[in-house]
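Labels A, B, C and D are assigned to the chains in the order they are written; within every chain, residues are numbered from 1.
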């Protein structure tokens, strides 16, 4: 199941140490100006080696489009693309060929398929998310036409957590630090925390918050295509994601209905709500308010410490990873969260449009 | 999008105050003994009026099968079914015909479709989940053949919360109290909390935990069909669901990789893990350990207190709901969570089986 | 796979001698006036016992809608419906319980599923097409808004064949005879042919032609969603269908490109073609000309003569069918062809609309 | 809709004069030895310039695999691939940039999408079928494991037609002549016919017959996934296809049930049929007999003669094509028909396997 979406669809392919990572975008509206600079910039937000908080692997990750574009515009036909792999240190993985890395996908892939590409995690590598960033960037270009914007930021690293709602922050500051946190002081604390675990050869997780503005009323297809269910599914497909909540999420259970209901009022001729605990979605359909949600990420499974594990024969052994790895996935996952959100919103925008007279 | 699943598919239909709630189950394996007693029992766990903690509406909710069964066994052809509606007090909803209930789907449905059935919430009513319980019960009957079991319980109501992992409780106690909580003392406290909000004409939310045992290694279809993403999507389609997390979920971010990785060991010839923070899923594929996850539910939006809102013309007005409503959705949502989990696991079981030699 | 369509979807259920035949229509646009008289009239065109050319079985086949309609209009939610079975002579099939009828689905169903409902052919009975007629009638009501019409007719019975293109006939005459052939003289000859085989306890096949007018330019989704491929798939799912061709179909091979290409010209400001060998579809996309195609049907497999066959144990035996059967499927298949065509065109209309700005 | 299949899925991309033609194969079973020689050989059967009966364009059409393969075997992850374009004479198409070629997709693409790549037909070029041949070759490699074979041949060119059933011919002779016809004398006549139209700057169509042997009982998913409907849809997506029939197809209507039913008998312990008018499929499910069907192809639309047409402004004009074109599509379409058949059969094989215990 390497295809995502109903009408705007990404089919992705590629392994960490194979020829490259690519995909096919099917169902992209025609006539969209393909802003290559913007797309590359989105890829650059994801790429390794961009700061001291990420893996030192240098990968240029330049996208090559293979089809679906004519004289700079999309033609409505499928957009094939590839980012060629390079600078791989496959030998870093030699000792993992027959040893299962704890909390990685080695054991499950090997058992399910009877075979796996062990170099760099193969298909289970987060390098697969390159294709999402490309498709997400194109989705953003389409959404821009409808004045819909998607913005994510790191809201928690380890126990260091932004306590306020997204409205309390100036999200334009997000890209000004390596952590991608809109609160500069907290960003510094988070960066310190990441450097600390890095120094230990260890890793840390956290939470990313995402806000989508400008979504019209009506996106979402009940019963099983509720908009938040689609967003949740999208987010949970990202490597290392462990949870999803929208609006007040897991805190919702703490409030009584009388505290928590979003009361409607007339905002100068426009129906609006006084609060937005619903996170912009009611009954599975967008209500015109900001959509916001949070995604939990675990710490990266690859650590540079000795760990007990077993090999393919089931024999117990000790593994110590080599190679160049991220101490924290959050900073680089921010654009991936945005990409999946943009694809989902565009997909449901098109679905909704299908039924309009 | 009223169809759920890939190979085991439920297509559901029906409104709260229409003729009934029903569905079509397509892709059910042939030759399954359809245990009608068990199916009805599952429906009874969901039905209103079963205790003082739920709405006093009495609905018998008996399922009538329309096709796909011959001499008591499934035939591989689609299983149509219906639960006829009865005992509806449509007049309770007269004042809601033109007034939008806060945090309900009235406004979004009306705006999306230009029309809606206002009686009892129409299609957005949680009565729609009847069809899920029927299909889920049948999925459980199939899973039983493979020794796979699904069990959910109420783990939080308001601020009253089970602090331990599911392993600390005797889950066979779950059905012995009205809250469906396996800790009898906590169940009593939760029941008190629900009665308290009920006395105020108010409502309360909480969390349901679900455990799936016996799942073989190999279920889940990366990249976009990761098993936890499918489970998350399934849970988030349930009415009032606000969040989903699996394994250690949102807490995962607090731990460093060295604390949190699940180390493999050889358990008498079987590869196993010493801990299970992964929640039984690694790289999107089941690893043979217990799968467990938590689902957040908000408080029921319908309260018996006056609330500010607007009508269809956008005029501000006051709404006071009449009728018979649940003060807390959790006890009745337990079987719904199980049903969606059972359908998802069976669907991915069949997907995995398609590729086996 | 009992669901048909992408955005306008029918999920059907039901067996010949079970409770009834029904379905769920998902993705029907909201606000459509549900003309019950028209829908019933479409069902009546399909029902048995309507003339001496069909089975004498009397079935009233009245449709009951279960959901998705409020105050006479569609609401955008799924439309459940059922036609209850009655007047079944299940005992007519007692001798078929363990004997495989030649050229029927008994053997393949039994082998695939390990079980089957033998009464009246069970799920493989053409009674299943009731659900298609209901959904097709609703699709026609939607298409009427766009001035799109669908009309089919019997163009061949046995060797008796209309030699001209559809344009040579007044299609409004189609419903004036029992065969549903727009040429009254040929209709009489076809009727005689059918009565002849009926007298022999035998059956006969033929061809149905279908014409769709008013389709705008642009329906069809290359490469694998070509409009004629979708129509072909739709037609070939009808019981007893053996072939599909559109435009000049199998005759196309006889002509050279210079004879056969449809030359464009300017028809008072509108681009049109001087001929229409393409059948209204070029490159898989409608070109604004009439869409027309032909569907071949075999003779009904159930004959009232002795036939050699085997039973479930593989023992050779003699079968002589009892019961009331159609000598020719064509007259009753005309509305089914129309129904499948209407659903397909509406589905692709919605798909196309999804991408319009 | 550039994805084909349910469980074995090809997503294709690419234009005639873009970077290349490629695709992603998702759902290929793991552990299949990828015989690159065989795959290239299948591509070579399709490539231009292979004989005097095809376009003289020389294209090497070598496939490059990008993912999904490790140490020569499939891994169960998506198989990306590309065939780079070369030797394009884009200037041949300069005069077609603003002029609609008769019976081509120029007009419909331009109107549907508002933009098109005019070079070589862009996406509507039959060069798109390269991706089908690659995926089909891999499907054949999988089917070989199950002793299932797929073989097609040219059975008609213009009015020159093989009169007998496939059983009358030695299909191993098919590849021994340029027409791909198993009857050497008829092949010569067909070749002459093609050379004749080529000399006139004209083109000709015909029919391809395909035979699938070794299919077990049970493939096909009623009601809407009938095996012949899936095959029909698959064939009709091939460029220039105009019709599909299986078994005795359009001739079925000529026979009475008593002449045409396939009587069952016991063939040394195996249930078999004395005739096979059903074409190996009954009730939409394979019955273990040979599956055979015929596909009609029109003459190639591009002719080297002057033709009347209009330009994008709707002005009438004269077009004379330049370039190197096929006088007859049949010889090169034989491997494409096989490829689509192989993918369909494998897809339904996997679907059927999903439900087996």
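Everything that follows uses one rule, which is that a contact is a pair of C-beta atoms (placed from the backbone, for glycine too) under 8 Å apart; a residue touches a chain by one contact, two chains touch by 3 or more.
Computed from a prediction, not measured in an experiment: that's the story for all the values here.
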Between B-D and C-D, which chain pair shares more contacting C-beta pairs? C-D
Which chain is most remote from chain C in terms of Cα centres? A
Can you check how far apart chain B and chain C are, centre to centre, with Cα atoms defining each centre and the answer in Å? 39
Suppose each chain is reduced to the average of its Cα coordinates; what separation in Å results between chain C and chain D? 26
Rounded to the nearest whole Å, what is the centre-to-centre distance of chain B and chain D, using the mean of the C-alpha atoms as each centre? 46
Residues of chain D whose C-beta touches two or more other chains: 1-3, 12, 30, 76-77, 109, 112, 123, 222
Could you please specify the touching residues of chain A with respect to chain D in the complex? 1-3, 9, 11-15, 18-20, 22-24, 26, 30-31, 64-68, 70, 73-80, 82, 109, 112-117, 122-123
Give the list of chain B residues in touch with chain A in this complex. 1-4, 12, 100, 102-105, 107-109, 111-112, 123-124, 128, 156-159, 197, 200, 202-207, 217-218, 220-226, 228-230, 232-234, 236-237, 242-250, 252-258, 260-266, 269-271, 273-274, 277-279, 282-287, 294, 296-303, 305, 307-310, 314-316, 352
List of chain A residues in touch with chain C within their complex: 7, 27, 29-30, 76-77, 222, 350-351, 353-357
